[in-house]
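Heads up, the next two complexes both have chain A, just with different partners, chain B and then chain C.
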Partner chain A sequence: MIDRFASGFDPFVIPFLIGMVFVLGYCIVGAIRLVFQLDHADRKRFLVSLITPKTIWKNIKDIFLNCLIHVKLWKRNKLLGYMHSSIAFGWFMLIVLGHIECFVYMPHRVKLFYYPIFFNYFVAENEYTLRGAIFFFLMDFFLLMVLSGIVLAIIKRVRSRLFGMRRTTRPSLLDRIGLYSLWLIFPLRLLAESFTAHISGGSFLTIPMNMLFKAFLGDHMNMLPTWWAYSIALCVFMCVLPFTRYMHIPTEMLLIPFRNAGLTIKHARKGFAKAQVYSCPGCGVCIDACPMSVKKANIKDTTVYLNRNIRRGNEKRIEEISDKCLLCGKCTAVCQVGVDGPQMRIAQRSIRNYGLDQDYTGFDISAMKASVSAEPSPGRVLYFAGCMTALTPAISQAMESVFRKAGVDYAFMDKDGGLCCGRPVLMAGRFEQARELIRKNKEIIQASGASTLVLSCPICYKVFREHYKLEGIRVVHHTEYMLELVKAGKLVLEKGEGSMVYHDPCELGRGCGVYEQPRELLRQAGELVEAAQNREMSICCGGSLGSLTLGFDKREDITRNALNNLVSGDPATIVTACPLCKGTFARYADRPVEDIAETVNRHTK
Partner chain B sequence: MDFGFSISPSSTINLDKVDFTLYDRLCEIEPDAKKCMACGSCSATCTAGPWTGMSVRKVILGIQRGKESEAEKMLKGCMLCGKCTMVCPRGINTRHLILSLCRIYGEGER
Partner chain C sequence: MKDNIVIIGGGIAGMEAAHQLLLLGYKPILVEKSDHLGGHVADWHKLFPDMSPAKDAVRDLEEKIKEANIFLETEVSFINRLKNGYNVMFTNGVNVICKAILLATGFNLFEASRKEEYGYGIYNQVMTNSDLERWFNTGDDKRINGKEIKKVGFVHCVGSRDVKAGNPQCSKVCCITAIKQAMEVKEFFPDAEVYCFYMDLRLFGKKYEDFYIKAQMESGVHFIRGRVSEVSENIEGKVIVKTEDTLSGKPAKVTLDLLVLMSGIVCNKQAVDTASLVQVKTDSDGFLKSKDNILNIIETDSKGVFLAGTATGPKTVPETVAEARAAALAIHNYLVTLK
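After this line comes the complex of A and B, so read on.
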């Protein structure tokens, strides 16, 4: 291969260069700013993770699988997955191969930024080499791949249902400019490369093009304008990119290492939170997934709109959206970039100013401490029912009965009322106050001499697991605990009549990853049928304490929708493992709703 | 309609010394506050009740009657557990009412 031009330059590369320098500069400055917005400890953690072999490898793997192959989208819908990975991976390969080509044939040009992109314009082939043929074949192959993705993208604009999506967001004007320039880049590239297919080599795509469209492609007067157009399309795309949803492409490459470093959201708008906001491409998958969206009025309160309004700095909307959410976590479960909707919202709630702050320091817990205190003993169990269970006493009664049947030495911590676990306060973004409740509860628990703390409320369970550091005391949810009793032979379950469906409470399933234990228990007690959407995809009952502003009258549709999902297999009973879900479902269910503790209690002697 | 005569305006003297600023502001952002029928369900279920005598019913009443410092003491003990909201027969989102109150307390001075 030889240079067609001794200078190795043509003015049409200038638009591309401008775009490239701009977007690279913008992203580098942005990335540095984000890293500096992290607090000191997080920044150190992040930088250390960048030189730790394990996380380096994980970063590379995750970026490859998520940003290029889009594995999560494949799982959602094959067409959607193919569309994204063909464009992302295909384009990536075109860039990589372009550089390899340049290295192999024109090593003296490698330092020219634009050379690999416009390789076919600048070189002419002087002898037919096998290596060249393979390169040209691969280049055409990946170009075809990208083009097929673009065709799908155009179809998707018109008929999104084909791609498994009911509702999606409307792109802004700049988004559309970005989108159309992206669509144009690749057809223009095909056209431009076809001009030179007979002099600098081509393959199965470009050579036939060159022959088929002889009238246009044969006229070399058209050649430079086409290369100009290609370069300008690239320039437009790169120049608008920072101000469109496509900013998600570079941001996600930073978000993944952030997450792998184990960062959490510390500031509502900066650092990790900001990376999440800008990583959201506005795909709208979270709209269909959100339980609130059964009501049209709530569609604009889903996570994608939170991200959008944070980008735009619309404080009023940010507050409304943050306060309405049930914090059920389903949007996070479906989100391909992993935007943590609940944590993002709690962070927004935490920066609010209150004229009056809660203060629990004056609460005298000595009586409660005395009522549970005992000598430490390895078999002793402390049962904490929590506020919600106090509203559904059937559950705590069933638990006590189970304890007695299994001969467990237990104490009931909040039989006559107690303190809240602190999770609702935490959900309201009042971290300081939550810490005080945690400190007080911890003191009581540590005085009890128990080695195991059993909780029948998943809301409590989550906060106990994540925020109470109870040295030497095991924290278990009652589903896990009862299964342990059964496995140890202390509790014998008898199979009964009638089928049951199990509802995965958000806080237990998505929140704590407990899916199997309740099912194992129920299978021993009777026939277990599954809901249409279950486990990670389970639908929130609508009763969640997460929402601050949704009144109970506004939750009926959400609950009914969740119920319809549960009864798809026509079970005789609905079983859940959360007092709040039980209470909420029982309001509208057409069949009995019970807690798993009651089920287990009914099926044991 | 003009009959050519009318009733003379009321000469009742309003001796109420209550400053309604806080209550009016509350009703502005939580119109549901007016719906409370003082049934006491919220007081009966309140987690904070045994600790501080907290009761949403008494808070609403207190603010209506100008007993703001008493209300303040009660509000400070609320653990936001949401039980009161679940039992309120009038469907008042009491938990949010509490948060709103905490937000507007001392708004005038700020």
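After this line comes the complex of A and C, so read on.
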């Protein structure tokens, strides 16, 4: 392989160089800014993670699997998975192979930034290169791969339904420019490489094309314009990239190490939050997933639009979108880059200026403390029912019955009234108030002498698990606890008649990752059927405390839709493990709805 | 002239209509799904405002309709539309051809257990207005008998004016019923403290306000304005009611020996199915749909099908009786024009 031009340069590389320098500069500056926006502790954590072998390896693995191969997407939708990975991985391989080619044949040109990209223009084939035909083959192969992805992308743009997407976002003008330039890059590359294939060599794709072109177009004059066009398409794409949804490509490579370093959102708009916003590819998968979008309502209140509005700085819409959300977390469950919709919204709520700040410091908890107070004992259990269970007393009654049957030494923390666990205020973004409630509850719990805290409400469970830090006290949800009792032989479940479906409450399933224990219990109590969408795909009942503005009338459609999903297997009873889900479903269900505590209580003696 | 007229529902509306139709010379056929006539009124003890026994009112009506065909424990299995009338098949096998049908299908009491936070069916000492009337009538209820009744509470608007329970309408009669029952309880247990938890009192009828004043001045019933948020039970089995006294702006917690829930009037779901046999639809409030809610509440969009009583919404006894009479007249006028 020999140099065609002594200079190794042609003016057509200039557009590419401009684009490349711009986008690289933009991303590097942006990344540094994001890292500096982290608070001191987080920044330290992040930097340490970058030199810790375990996280280094995890970062590389995650970036490779998610950004290039799109493993998560493959699992969800094979067609979309192929489309994305063919473009991302194919392009990546073209770049890598281009560089290897350059290293092997033109090592003295490697230092030229553009050379590997336009390799086929600058070189001429000779006998020596024939040994490397495998490279040419691979280059054509991956180009074909990318082109197949582009064809799918074009079909998807016209008919998204073929790809299993009912609703998708409307791209903005810049998004369209980015999109069309991206589509153009690879056909232009094919043309350009085909025009030079008889000089620089090629393989199964470019050589036949070259022959075909020769028969039609004949002369060499077409060569340079297509290389120019290819370079310009690259330039356009790279220049608009920071202002389009394609910014998600570089940002995700920063988001993954952020996440692997264990960062959480500390500031509503900066650092980790900003990385999430810019990692959003705007695909709109969250629209179909959002429980509020049933009957085509609230489509523009989904996470993809939250990110878009944060990017645009539209404060009014940010507020509306943040307040309306049920915080069920399903958008996060389906999101390919893992944008945390609920946490993003809670962060937006937290920077709001409220007219009134509640003050919980005046609450007197001495009576509550006295009612549960006891000497520390390893077997002692403290049961906290929570506000929602207070409205569904059948659950706390069943729990007390279960405790008695199993011979548990228990105290009912809020039988005669208690304090809120703090989760609703936390969801409203009022962290200070939540901290006060947590502090008071913690005091009561620590006075109880219990070693285990049992909660029948997943809303409470989540906050107790994540924010209480109760040393020496185990926090369990009643589904887990009852299963422990059954496994220890303290509770004997008897199989009953009639099938049951289990509804995964958002806060317990997606929120705390408890899916198996309730099912194991129910299987011992009777026949368990599954809902059409279950586990992490479970649909919010619509009763969630997460939403600050969604009216009661607006929630009915959400509940009915969730119910339709649950009864697809025609169960006799709907069983859930959340007092709020129970109350919400019971309103419209055509069959009995009960909490798992009631089910367990019915099936034990 | 002896035209058949099918009356579906043997409550006071159906009975009064049958009575009037008999007087007008028609042959009313009254079907009732339960084993006795009188509907909800037959289960009640005394009627406001005169505290006359409900039994007497029902017996009085029963006397008047002796000549009518009455089928108890019978329901409608299907209705076929004929050219100028209907062919109605009953579950007892009787088949009737009639010119007109009167839907006097009444209401259902709201299932208090659906408001789980009030603990009906969960706590021992919680009952409904209908349970209390049964006790007045039979003297048999283990929630009261053998118990020391020192404090009694009444919760107004249980399942009424409650969007979350699916019933936004006012049941109209529970305010006065609660006051009546509070006074009656006070008569049985003169030493007991009686509380009424209300959101607002709708005392529109004849002598209702007098009742309210009497309840306060003479019986000493306590009225607390505020919706009950939750009910719990203490170790002694007493019920604890949490509410807010909105007049003093303070949360209130009252421990009671007995809690009575004023279950509201909701549409009779079975009546909706029956009405659909003659293409009578339901209105947005869930009750049967009249031709016009102002001037023509009795007629429907289906020819020869009429409505009376609480099938179209909550009503008091005198209103129901008046409407039944009006329905009889409307049927008569309809049959006259048909000829």
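Structure notes:
Rule of thumb we're sticking to: the second predicted complex is superposed on the first by the 595 of 605 C-alpha atoms of A that agree within 3 Å, B and C clash if a C-alpha of one lies under 4 Å from a C-alpha of the other, contacts with A are read in each partner's own complex, and residues count from 1 in each chain.
Convention: a residue touches a chain if its C-beta (ideal position, glycine included) is under 8 Å from a C-beta of that chain, and two chains touch if they have at least 3 such contacts.
Because the structure is predicted, anything quoted here is derived from the model rather than measured.
Placing chain B and chain C on a common chain A by superposition gives a clash between them. In the superposition on chain A, A:D357 makes contact with chain B only, while chain C stays out of contact range.
Within the superposed three-chain model, A:A428 lies in touch with chain B and out of touch with chain C [touch as defined at top]. In the superposed model, A:E443 makes contact with neither chain B nor chain C.
In the superposition on chain A, contact of A:A586 is made with chain C only, not with chain B. Contacts of A:K415 after superposition: chain C is touched, whereas chain B is not reached. Of the two partner chains placed around the shared chain by superposition, neither chain B nor chain C is touched by A:E516.
In the superposed model, A:D553 makes contact with both chain B and chain C. By the touch criterion stated above, A:P393 is placed in contact with chain C alone, chain B being left untouched. Taking chain A as the reference, the larger set of touched residues comes from B, when chain B and chain C are compared. Among the options 79-87, 151-159, 205-213 or 223-231, the segment of chain C that ends up inside chain B in the superposed model is 223-231. Annotation: chain A residues 390-391, 417, 552-553, 583 touch chain B in one complex and chain C in the other. Those residues of chain B lying in contact with chain A across their complex are 32, 45, 47, 49-52, 72, 75-83, 85-87, 91-93, 95-96, 99, 101-107, 110.
Across the complex, chain A meets chain C through its residues 390-394, 397, 415-417, 552-553, 583, 586-588.
For chain C in complex with chain A, the touching residues are 114, 116-117, 119, 122-123, 163-166, 230-234, 240, 242, 253.
Within the complex formed with chain B, the chain A residues making contact are 323, 352-360, 362-363, 387-388, 390-391, 417-420, 422, 424-425, 427-428, 430, 437, 543, 545, 548-553, 583.
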